[in-house]
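You will see chain A twice below: alongside chain B first, and alongside chain C after that.
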Partner chain A sequence: MSDEHRPDPDEERREFREERESLWRITLAPATWVAHFVASYGVVAVTCAKAPDLLGAARLGLGLFTLVALAIILWLGWRAWRQWDVRNTGDYTNALGEAEDRHQFLGHAAVLLALISAIGVVYGTLPVVMLETCR
Partner chain B sequence: MSDTDQTGPTGPYPPTADMLAEPVPQGEQDRTAAELRAAWAPPTGWRYFTAVNNSEVGLWYALTAFGFMLLAGVLALVMRLQLALPDNDLISADRFNQFFTMHGSAMMFLFAVPMFEAIAILILPAFLGGRDMPFPRLSAFGFWCFVIGGVFVMGSLLFDAAPTAGWFMYPPLATQDEGPGSDIWLLGLSFIEIASIAAAVELIVGALKCRPPGMRVNIMPLYAWYVLVVGGMILFAFPPLIAGDFLFELERSFDWPFFDPTRGGDPMLWQHLFWIFGHPEVYIVFLPSIAIAAMVIPTVARRPIVGYSWIVLSAVGTGFLSFGLWVHHMFTTGLPNISLGFFSAASEAVVIPTGIQLFAFAATLIAGRVKMSLPMLWIAGALAIFTAGGLTGVMLAIAPFNWQVHDSYFIVAHLHYTLFGGMVFPVIAGVYYFFPFIRKKMLSERLGRWAFWLIFTGFNVTFLPMHLTGLLGMPRRIFTYPEASGWGWLNMISTLGAFVIAAGFVVFVWDLLRSKGSQTQVPRNPWDAGTLEWSHDVPEEYWGARSIPHITSRYPLWDDPDLVARMDAGRYYLPDSPHGHRETLVTSVIDASPELAQRVTGPTWITLWAAAFTGGAFIFPTFHMYPPAIVSGAFAVVCILYWLWTSTARPPEHGMRDAGLGLRLPTYASGPKAVGWWAVWITMLGDATAFASVVFGFFFYWTAKPDFPPEGAMHAAPALVGLAVLVLALSWALTLGARHWNGAGRVGAARGALVAAPLLAAGGCAALIASVQALEPASHVYPAIIWALMIWVVAHAMVGIIMQLYCLAGSVSGKLTPRHDADLWNVTLFWHFLCLTVLVAGAVIGLAPGVL
Partner chain C sequence: MTANTTDTGRRGGADRGRTGLLLLTSVILAGCEGQQSALAPSGEDARVLGNLFWVMLGGAVILWLLVNGLFFYVTRINRAALSRRFANGLIVGGGVIFPTIVLGGLLTYGLSIMPDQRAPGDGLTLRVTGEQWWWRVEYWPEGAETPIVAANEIRLPAGERSEIRLDSARVIHSFWIPSLGGKMDMFPGRETRMSLKPEVAGRWRGQCAEFCGASHALMAFEVVAMPPDDFNAWLQAQAAPATSPTTDAARRGARIFAREGCGACHAVRGTGARGAVGPDLTHVGSRLSLGAGTLTTTLADFERWIAHTGAIKPEVEMPGYGHLGAAELADLAQYLKGLE
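Let's turn to the complex of A and B:
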């Protein structure tokens, strides 16, 4: 990185300061999986118990919700990817005790969690796609 | 600004290299060491049992859990003898039922989960270079509750009165069971579950707020990450079971028909609540054990772990996904296939993060220069066995295969492969690895290898044939079988193997308990490990860390050769105890910058008394002795209030303290900077989960039953429900107001609010109780669940009233001042959750019947 592109150190310190981080943020993608899972289970359980004829509509609704959930996870993953910033730093381990390392580490963890959450959402959609009846 | 007004740290941080390089004069070293030694001196003689130090409580906890494990193992041996031959009559069917129920219950509730808590209490502070856990007396209270509950539940075997319905207590078998067995299970284990939640709160706060300065989240030991994840899982997994126990015991004691289909109930609700707990439970015991592997493997490979972020992903991801698996224990219950599909899919998905950590371990071993040691031998055995159990798990996650082998010995084989590989072997590896840290002695290499090969061989001889036994059709939990079944030879092999396992455990126990007095002093860091626990003092000191270091890397002992010498010299933080207090350092959540010198509590009898009376409150109802239970519960409340009043959140004599390296730290904090506030927050998250489970029950009945609420049923009086919600919400608003007014110095207004708030809350309780009087809870599940919600709210409101009065008393007596208002912050936080509970309960009781 050439000198003129180097960010102002004060700005960097602001970007990496502790108040801007939260451990909750890395759980947002898995929480999206939870929402998708609970919605799938709840909608199907109520539909099959109360109105089995509406299962087609429920499957369509859940399919759309899957797209929404994947879009959210994709967006979270993209933000986390930028936070990880591995293409600029080349640092895959972030093993040092600097604020910048902590910042990028949380990005890395969030990228990986977005990935696993996306896989979870896709898996959770398969029954909706493949099964046409409650039985 | 005067000393008492200062609420933040002052002085240089982080320390510079020059500050750290400056030597500490010998005279000062000796003086401060003597101060610390005096403050942390363990109680001696018969007062030894008043100790609350994590090193004592953790050790007792671990030994007790291990003792229960051995007892449960003996039960298994007797069962194996009974099953060795067809048509055997060594023990009766009823005793066999008691034995398998207690074998499973004890292994899960008295061994696996408490063992995690024990090990974490024992070693987490050392990983974090800390003095102790943030709430030592809470650990001690949890331990004594565990002892009382465990002895009570196990003791029922001696009176031939143990539960017989299996470790998951399915109704209607368990609800209709004669005798006190099911009650012993429900009340005894609920008591222990509460102790587990207390430990989880302690461990989460410990990992978040008690790390050494500079240990940011990206360099904390992986063990701390696992503890954080598992603590969080306990908070969301145990409360559904506690809610289930609550409903179950109401049915057992008062005949409220939650699980009785003849009166609108549904046994399936118990299965849901049990397995929402039960499946995450498997990961709750697996993750902390595999965390031990994550600490042993870098040491053995002599290099940093490969893929730290990947292992964090794996722990957090497994923690989440494991909540989407519970129905795979219920594949044969007739749920819609499409519902089964979701759980089958999640069960396959959880394999991915679980596998990732194993690959990270393998990569570390491949990339390192492996020095094979005894702990590594056990880890290797664990990985082999767990992988086999994981593969049968993948098979079982597929619903059609599951239907074929459900409730057969294939399941028995699978679950023992996962639990031995995922829990028993890594924990034994941890015992060998951490023994020099815990006891300052080494275990025998030769005996350890004998124990390993006996247990490893015996395990496979016992459980590998069981896959076949199950496929040949042998159901689990039968006390005998006919010769014509052809299962005899397989069972004989399993029985022989079981005794080989037992022989291995005899060797292990002998090695563990034999006198090691003649051994030379162990080296301080016998495995050349890189993490902070190996900065421990040999011979033993009780202060935890001589001084709390500033940490800048994941393996500080490898990366900073001067670190241990500087810790020993008292160069770092809190090297002294000028006022003779026990203190530990509280730091910020993300970056661990120092915030507070937290005073922690010391030895006391009060935790034992509190545990004994709490035990009475749970044990007397087992025998339907309600008046003594109520008296015992009241004494427990008094003990806990005395304990809180005399030793927590008292205004300090000195508002600020020199913490070392030029840093001055406050000694008192309230609100989100105080560890107590975090503990309340975390506890209430668990409490809210339990409440949500009861509400889930209400809506479960609605989906599962066409007649819920039944035609023409009586409903709660809407006006009274509305009044109760309004008045309780007002009480909440006044509590919040009291905190604001007190903080602004308007002490009179705050006291006025704290007088009015409990009166309003009491009125709200009365209105809510009155609103359901027309309903007959034993007649149908609809009035029963409304009563259950009412009881839940009223019980919490009563706790809320005690808390408000506690703050009022504090304000009047000078314990609670505008500056020292931690109690009021914590009570307000409790009331936030209570207000939410009231609103939800009010909506369910008052509005839902009209909408549904």
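Let's turn to the complex of A and C:
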């Protein structure tokens, strides 16, 4: 980083935009979890109240949605893992307040959020899988 | 504190401490058995819940020992700094992977017992309505078109699964017989259901488990499981109208009952009393308790109930009849006790 180079007037703005995007991105995995959770509750509740015969189809649909949600979270997690870049830097905590640190820290946070979202989705699916009736 | 302490004061303290501990343990353990304990299950559902409790308790104890053991280790036994690798492994392994697996296992186990907790009944249906502060009970044997009405007592055939439909008149109550199964709330205008299968004949106690007003704590009931044949005979007797009073005292009591207008609130089937505000009294003499598990059904308790209703049960929706003379109270008690 000691390279002397003329700052491109746009570089700072571009970097800022990128950080802003990754700030948004760290919310996407939990948002997927929320969508999956609300869908599981809502679909089962409405199906059991209005058309209990369709519960089988509803459970199948939710099962597929679970796979999609997990795929999305996995993809987000993998992108965040690369952004964190801990394998190359060996820097777990990114304690310095530099742009580079902030960038990697957002990746770090997003990895952890993706992990807990994936666990949440799996736990949220267990009742759909195990409770076979509307009882 | 060692055994060879010569200081008698200290030894006395230790003895007292030990006695206290013993007393406490026996009090706590005594709470685990008896007529109203989820830890002394006599029903299929309560047994499953009891196992759930012990599994959870065992898990909690093991986790507690692990966490505190580790804490003890790093603060007392090995205070040197841990290697980075080890610390990371501990955080990821002990903080992420291990709890995820353990909670996943417990969740799966908990979910696996849920469906059977709400299994359908196999014949008899009871409808129980929560009132303030008593229980309206209807028995609907299979195929029945009209119910057999009773109150403040639940009888079930042992070894069979009875369907129980729950409702409430005005506020939320909760129906709970800890020895037989889990609890279920009762909502005004919304029917909930549960089913119970007592494994043996026996007698237990149920209790309202949702605060419902001044006498919530006095809203209990006796529970009796009988061999199916005995149960059917009992139910048939409950379906019959009231027997006519046989003694002079009871006949006088019946006249007082009519004169005081008790029949505006109470039904005694086969007589002019048709009220539905309070419990059906057709067979109140054969019940095991009065005032929803509050008093016994001795003559003396009948008199106490009628004369001091509000003192026995705060805000009860039955006026007290303290103005009746002792002789009249005694006659009334004879009449009611005779309604078997």
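The rule we apply is simple: the second predicted complex is superposed on the first by the 113 of 135 C-alpha atoms of A that agree within 3 Å, B and C clash if a C-alpha of one lies under 4 Å from a C-alpha of the other, contacts with A are read in each partner's own complex, and residues count from 1 in each chain.
Note that contacts are C-beta pairs under 8 Å (C-beta built on N, C-alpha and C of every residue); 3 or more make two chains touch, one makes a residue touch a chain.
Predicted, not measured: the structure shown is a model, and the values here were computed from it.
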Side-by-side fit of chain B and chain C on chain A, or clash: fit
Partner chain(s) touched by A:Glu21 [first = chain B, second = chain C, both, neither]: first
First (chain B), second (chain C), both or neither touched by A:Val86: neither
Partner chain(s) touched by A:Ala39 [first = chain B, second = chain C, both, neither]: neither
Which superposed partner A:Arg135 touches (first chain B, second chain C, both, neither): both
Of chain B and chain C, the chain that contacts the larger number of chain A residues: B
Touching partner for A:Lys50 - first (chain B), second (chain C), both, neither: first
Partner chain(s) touched by A:Ala99 [first = chain B, second = chain C, both, neither]: first
First, second, both or neither for A:Gly124, with chain B first and chain C second: first
Three-chain overlay, closest Cα atoms of chain B and chain C, distance in Å: 5
Touching both chain B and chain C, residues of chain A: 119, 123, 126-127, 130-131, 133, 135
Residue ranges of chain A touching chain C (in the complex, touch as defined): 92, 115, 119, 122-123, 126-127, 130-133, 135
Sites on chain A touched by chain B in the complex: 18, 21-23, 26-27, 30-31, 33-34, 37, 40-41, 44-46, 48-50, 55, 93-97, 99, 101-102, 105-106, 108-109, 112-113, 116-117, 119-120, 123-124, 126-128, 130-131, 133-135
Contact footprint of chain A on chain B as seen in their complex: 214-219, 304, 308-310, 312-313, 316-317, 320-321, 323-324, 336-342, 344-346, 348-349, 352-353, 551-554, 588-591, 593, 703-704
Complex interface listing, chain C residues touching chain A: 88, 96, 100, 103-104, 107-108, 111-112, 114-115, 118
